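In order of appearance the chains are A, B, C, D and E, and numbering begins at 1 in each one.
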Amino acid sequence: MKYSVILIALPLLLAFLSMFIKKGKENLLYLGMLINVMLLFVLEQGTYLIGGFERPFGITLVIDQYSYIAVLLVNLLFFFSIISNYKQIGKHSTVLLTLLAGVNGLVMTGDLFNLFVFLEITTISAYILTTSNKNYVGTFNYIIVSAVGSSLYLLGVIMLYAGYGTLDFRTMTEAISESNMSVMLPMLFIFAGLSVEAKLLPFNGWVKGVFSKANGLVGTMLASIIATAMLFVMGRMLNVLITDSLIMDLALTIGIITLVLGELSAYNSKSIKDVLLYSSIGQSGLVTILMISGLIFPAIIVIINNGIAKLIMFTIADEATKEKDDFKGFFSNHQLMGIAFTVASFSLIGLPLFMGFYAKLNSLIGLFEMNLLLPALLLLVTIVEGAYLIRLNIKLWYLGEEGTATTEIEKASQKPSLSMIVATLVLAASLIAVGLMPEVLGDSITDKSLLNEKQIEYMTDLKGGM
Amino acid sequence: MKKVLALLLLATLAFMTITLVVDNNLLPDFGETKVENSVSDTYIKQNAMGENQDIKFGETKNLEIGSANAITGIVAGYRSFDTLGEVTVLFISALGVSLMIGTTDSWMKRSQSGFILRVGSKAILPILMIVGVYIITHGHLSPGGGFQGGAMIASAMLLLSLSDHEFMPKIKAFKMLEGLSGTIYILIGLVGMILMGHFLQNIDQTGTIGELFSAGLIPVVYLFIGLKVGSELTGIISDFMKKEANI
Amino acid sequence: MINLAAIVLMLLGLYALLTTKHIIKMVVGLNVFEVGLNLFVITIGFNKDGIAPILTGSNSIKDFVDPLPQAIVLTAIVIGFGITAVALMVARKIHEQYGTYDINEIGGK
Amino acid sequence: MNLLSILAVLIVGGLAAYLLSKANKLLGAITTILTTVLSFVMLFGIKDQIGSTETFLYFNFQLTEIGWYFAFVLSLTYGMSAFYNVCYKDKFMYPNSYAMLYILSLGGSLGLFFAKDFITFFVFWELVVWTSAFIIPLGKSRRASFIYYVVSSIGSMATLFAIMWIYKLTGTMMIKEALMSVDLNFWPSVILFMTFILSGLTKIGIFPFHVWLPLAHGSAPHTFSPILSGGLVKLGAYVAYLSVAVFPSYEIFGEGWMYRGIPLPIYFLMVLGAISIIIGTVMAIKQDDAKKLLAFSSVANGGYILIGILMMDEITFAGGLLHLFAHAVASATAFLTITAVAYRTGTTKISELGGMIHRMPITYTVYLISIISMAGIPPMAGFVSKWLILQGLASKGLIIIAFAAFFGSIGSFMYVFRPLAAVFLGQLAPKHENLKEAPIMMLIPMILMTIITLTVGVVPKLVLNFIVDVQAEAGIKVVSMTGGALDVFNGYLDATRVFVIFGFGFLIALVLFLLMPKTRSVSLMDTYTSAEFIYTPELLHYAHDFYAPFERLYKNHPSTLKLYERASLKLKEIGLFVDYAFMNQRPATSIMWILIIVTIVTIGGAF
Amino acid sequence: MTFQNFLNAFLFVLAAFAFQTSITGINRKVMARLQKRRGPRWYQQFLDIFKALSKSSISHGWVYDFGVIMALGGIMATVIFIPVADFRAFPNTDNIFIISYVLAVGMLGMAMSASGSGNPWASIGVGRALTNMLAYEVPFMVVVVTMIFGFKTASVGEIAGIQQGLGIFGWNLFRMPLGAIVGFISLQGMLGKKPFDSFIAPAEIASGPMVEYGGKHLGMLFILHDLSTFIEVSLIVNLFLGGGATFLEFGIKYFVVYTLANLVSGISPRFKIDQAVVFYYKFPLLASIVQGFIVIFTGWGVTKWL
């Protein structure tokens, strides 16, 4: 419990130290990353008071079951992303360290304003990372929109402070539940502010400019690590803070719109990066729907599944489209990478024997409790999702024009690094492992395995533990 | 046409938000905020750890934070984690700007500055520096603090570079100063953790309120923040003066 | 009264963002929006008969104004500065790449 | 030897095939033969363990009669077609993954038949779907596999919806208990029934979902088409069985509107089956590619099977299940022969072939017997099953469906004869002059399958015994047989006697033929051409537009594939709209959207 | 399945052949009278057949021969199945579906040997024959299904037995008038008589499928043609005219039906193949379905009759 603050402080310390040394900044990055991963083993749940002050007064770092998984996932994904894309780090090692600290802070902090600060740290490091793909207009658009978004969030927090006098998350939620003041406006601003970064549909105008030419590192960072952190934060907000019914309906409608339109535009897009980009928008819409309808356990698995799958797919997509855009020959020459990519896309669709299937079953069980339309919608969207991902996979594996059966395989020039192959295969294996033995994931969260009884008890102590 | 639409949209939004802000029972009306029912009441009375004593300027000893200026108490004491985050934000933006500028040392050509500016800046410069340092060191006693003082130092540097153009390229040490003060800030936090048990915890001998050497580690923290902010802002300004390396 | 003015100021900033074509003007609009926001934050803590929360010999802590919003504003201002610095640098890079600040011309490429 | 050992053999065999064929392709192909034939043999080993349950990880299996029967049919077709892998081993881009996916798809289908709970059912169902989706592109077209996957994922998602809904209603995942204890009033149970059976419809290729069949079969690798039409199409029949027999559909829909004793939803499905028979036949007559022709015939025969299973009475149900077996064997054999021809000549286009009989006589006879069975002509198994279906339809008085059944069976004479005349008979083109008979590895399965069709045709009791067990298990009145002959209440068929009499007639004709003066055999070209000298003999082969007058009748017919394409285009337009409206690189647009949403909500909040 | 059965079967086939060929001869005289000429001797048909059989002819490979043998064998087997006035060569084999499908074996054999001969005209002829079959077979089968539903049995003999009770009015001709009309129209198609004989009409493409035949193949095909006429006409007689208690009654009904068909063929023009298909799918199909609904829903003519 004492180590949770080191997860944030250490990367910052290394970031500041990296100003001293000219060359070899990457080693600091690797060091910080490794220590963070090692700390994960000794991490245990509890709230950490910064500065020694009790809950409502000082800032607290909270690790309950919900954020325990979040921290675990975020750090592991960061570790794998750096391993597999170390070639593209270039001058960004310091920024990556601050990004690591910001993302850990986002997930752990128990204070609303502190969340705003960490949101800023993460987004500014993201701005600087995206400048590496030379699409400055996209970055500029990203800066303006997410600056407006976070300011709206701050506006919401201040209004809540004016009403309840505290900035601490848990005391705020208790205060809100006791009093019956109309909290619609602040919650609207908070929801609007956060959904800009969580890529919900009307708010995510910036996504295409940033992602469509992002290289492997930036793509994985934004699509897998920051997205996972933001979805966890969004989940916490939607479940606990936002209690105003109008905003909850708004969140549900926006979630549905994002899911449907995200998947449809993915179905429509041609280049592989656009497909991944819209698919991650769709997934964040799905997570919002699940969170707002109180299904925390399925939402967590969807986030994990999306995080891992996006990491694999972005790395491989970038590696494969180095030379020409359509990487036809890549899979046939590097079958291992092809298998990892296919496993990731199958898990994203939710085909059996993969983690995605376990997530889909759980969410269906939950959604069926509410009404028949939502599961139907989810399944229709899965058809569209299955369609464009299978089309992508078939196009990547099999060469030859439409009418002819080819047998020869043309040489592909890319040579993926060994660490990339190992990282993607390990992640793909983890997807399969959870698919085969879901109890592995199940018992680390209080929910029992799916099959022996109806999934009643989600991870209930989200409210309490905060 | 776009303008009219935007205007219409914003007018409705204005009308809506104002009606909601004015007549909703959440926000107290303008000017009637009661400090008592908010957490900042303990920040003022500095009784977060429990024992409540009435604070008299110059007498009460060893308060929790012990800083006369309540805002500095919050910024560098109760919520110093925010300030740490705050400093990193500034650090990253400075870093980002220098990354984007690239490692070029060709500076923009600018015409020779006017006589009045050259002479005037020589006169104003010392005042600026002294006041800036004063504000940084007296952060816990008088209004102001690390950020404000740092900004003043940076403006001094800007004035200097405006007056004579060779000044800015001569400063190399800023990056080092920036990194150093950031590291020390975190080390203070870690020391607090080892000594007092919690990250960024203030030592408990915070001296008598109102004196120069009071409020424990707060002035030290603010000093380094001041240096860091000063160096970062100057760094950013110098980067903006550089000419773009033709990438 | 001033918090309504702050809201109007925020909306003015947004109006600038919505209608301007010039990139630097957008950054300026963003700043106006953030200044309005900071003003609103400050007015949250304002108390008619309160004084600045700094303890000097002559005043006592009873009639302090709420110091927390002012601490928050301090951080918000510096963050605003950070974003503006990065935004301006990106604007400068855009100018180098496209030779113009007009987003309509840039949008096409 | 139990349930799990068969599945283990297949799954492990699949992975082994992948590794072995990395070493050398022949080894991989041989493993496919060994594993599939071994699984077929082991099936007979576990015939007596009906009802035994096994569990592995979170899958649990149970051997049922119906499961055993389907597994028997599928492993037969897989086993026989596996022999072709040896000759086709170096014609694939990924021979190792082909061998693995081939065995895994059989493993998937067997697992599906033995599944005791819905999760196992769905897991193995999807395993079959995506393994076959990755085999089809090895053939000619990538688009076919995409359409195949989309249509079957429509089906499987609908079934998943129904499964989850049942899980919510009954709380258990066990297929038998869950389906039995569903109690909804009329219309919701209709929706549940329709969504559950949807994956069956898409797999069998019933009317609205048949678009993928010609594309997938037509362009799948030549060795996989027989399995696609012989084996995988039958998976849908299993789902149809589940949704009609295990799910008490006749009781639940009993009090709703009935037509001739059949509840409305089931009659609607039967009409769909009838429509797909008509569409399958009419389109098959028109096709020029032999594989597409056989694919459309699978659509038509799929309609028969569905009608048979949906009727759930003693005659038609038995006819449906027997037709499942007969069609599986017949269409697999037909595809195998076409593959043999394609192996030698490289094309399956009917108009480019001709006179194959002169070079490949055995393949010709095998094809002749398989189409006799497919057309449902007496001495073969196809006749017995069609006879049962027609008798059943007549006994219930379903005129419209009977009309479609007749149209289908008589239409089948036409489309099975087209390849016979145009591919095998007629003039042999000079370029096929030095053609050899199909290799021995291909002849073995063909001859075996012909013998099976013939024996089951003559002695239908062999397969009918299995069907009788299934009917007993499903609680339907068992089809009555008196000593090898079908003695149903409105008809009597003794297949052996019919065969004997046919043999007797053939004997008389043969004697008559031999008594008459000997004939002088003449070269192929020496035909009655009204005294005109022939310069280009190969042009004198009637293969193109074989049924021109009939095809003219429905030249510009509406095609359902166009419907699918238009729907997909609509979806793409919505996607384009998102790209245009939200995603351009101006901050103003996203801020505009944020403000619009905030204003709307504030207005909403104020009231 | 005793030897006696096989002997009866063989004798029955011979009798059927003799009976039908002589009636064909007589009808050729009737047709001639129609065209104001006297026509050949009544046993001319026998002479043609035996002449053709005695000639030595050419063969286009084993398929060409095997096809003819299989066709003739199939038709002879179908003749054995036909029940005539309570004579059954083999018990329980007169199921309507067996008869119509074994008939198809004959068709298939003939088609196979025709296109096996290598002559493209033969394949065109066979294609037309099969399309024609699709046309006339389907309405007939729908009527058959109505009968099976109505009389609860699919054996032709039993159906004939049921009709004999009430004298003339017991016949299906009166019980199911629409069905009978459809039966006669499809008989015209089955026999390949004039309105629907474009596939074997001499004026059409060099006499359709039979183009390559000569000598004993042609002879055998003549036998095949006569025996299939016997099957089709006796089917119609059994199903619609009560099948006759004695051979004589059956013979008279048979002669009347066959001559009627010939007369109709004598005076009607010839349909193109697609016109024939369109014709059969207009009135005949509609009539058979209407007849079906009548029988199923109201039961007139079957359960409720005189």
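We take it that a residue touches a chain if its C-beta (ideal position, glycine included) is under 8 Å from a C-beta of that chain, and two chains touch if they have at least 3 such contacts.
Since this is a predicted model, take the numbers as computed values, not measurements.
Peer 1: Where the centre means the average of the CA atoms, what chain is farthest from subunit A?
Peer 2: Of all chains, E has its centre farthest from that of subunit A.
Peer 1: In terms of CA centroid distance, which chain is the most far removed from subunit B?
Peer 2: In terms of C-alpha centroids, the chain at the greatest distance from subunit B is E.
Peer 1: Could you find the two chains linked by the most C-beta contact pairs?
Peer 2: More C-beta pairs are in contact between D-E than between any other chains.
Peer 1: Could you work out how far the Cα centre of subunit D sits from that of subunit E, in whole Å?
Peer 2: 35
Peer 1: In angstrom, rounded to a whole number, how far apart do the mean CA points of subunit A and subunit D lie?
Peer 2: About 43 Å separates the centre of subunit A from that of subunit D.
Peer 1: How big is the gap, in whole Å, between where the Cα atoms of subunit A centre and where those of subunit C centre?
Peer 2: The mean C-alpha positions of subunit A and subunit C differ by 29 Å.
Peer 1: Please work out the Cα centroid separation of subunit C and subunit D, and write it as a whole number of Å.
Peer 2: Computed value for the inter-centroid distance: 68 Å.
Peer 1: Listing for subunit A: what residues touch at least two other chains?
Peer 2: Residues 113, 117, 120, 124, 127-128, 131, 137, 140, 144, 148, 159, 161-162, 167, 182, 184-185 of subunit A each touch two or more of the other chains.
Peer 1: On subunit C, where are the residues touching two or more other chains?
Peer 2: 14, 17-19, 26, 44, 68, 75, 79, 82-83, 86, 90, 93, 103, 106-107
Peer 1: So which stretches of subunit B touch two or more other chains?
Peer 2: 6, 9-10, 13, 17, 20-21, 27, 33, 38-40, 43, 79, 82, 85-86, 89, 92-93, 96, 100
Peer 1: What's the complete list of touching chain pairs for this entry?
Peer 2: Final set of chain pairs in contact is A-B, A-C, A-D, B-C, B-D, C-D, D-E.
Peer 1: Help me check something: in the complex, which residues belonging to subunit A touch subunit C?
Peer 2: Spelled out, the residues of subunit A in touch with subunit C are 113, 117, 120, 124, 127-128, 131, 134, 136-137, 139-140, 143-144, 147-148, 151, 154-155, 158-159, 161-162, 167.
Peer 1: Give every residue of subunit C touching subunit A within the complex, in rising order.
Peer 2: These residues of subunit C touch subunit A: 10, 14, 17, 23, 26-27, 30, 33-34, 37, 40-41, 44, 68-69, 72, 75-76, 79, 82-83, 86-87, 90-91, 93-94, 97-98, 103, 106-107.
Peer 1: Write out the stretch or stretches of subunit D touching subunit C in their complex.
Peer 2: For this pair, the touching residues of subunit D are 584-588, 591-592, 595.
Peer 1: If you look only at subunit B, which of its residues touch subunit D in the complex?
Peer 2: Per the stated touch rule, the residues are 6, 9-10, 12-13, 16-17, 19-20.
Peer 1: So in the complex, the part of subunit C that touches subunit B is made up of which residues?
Peer 2: Touching subunit B: residues 1-4, 7-8, 11, 14-15, 18-19, 43-48, 50, 52-57, 60-61, 64-68, 70-71, 74-75, 78-79, 81-83, 85-86, 88-90, 92-93, 96 of subunit C.
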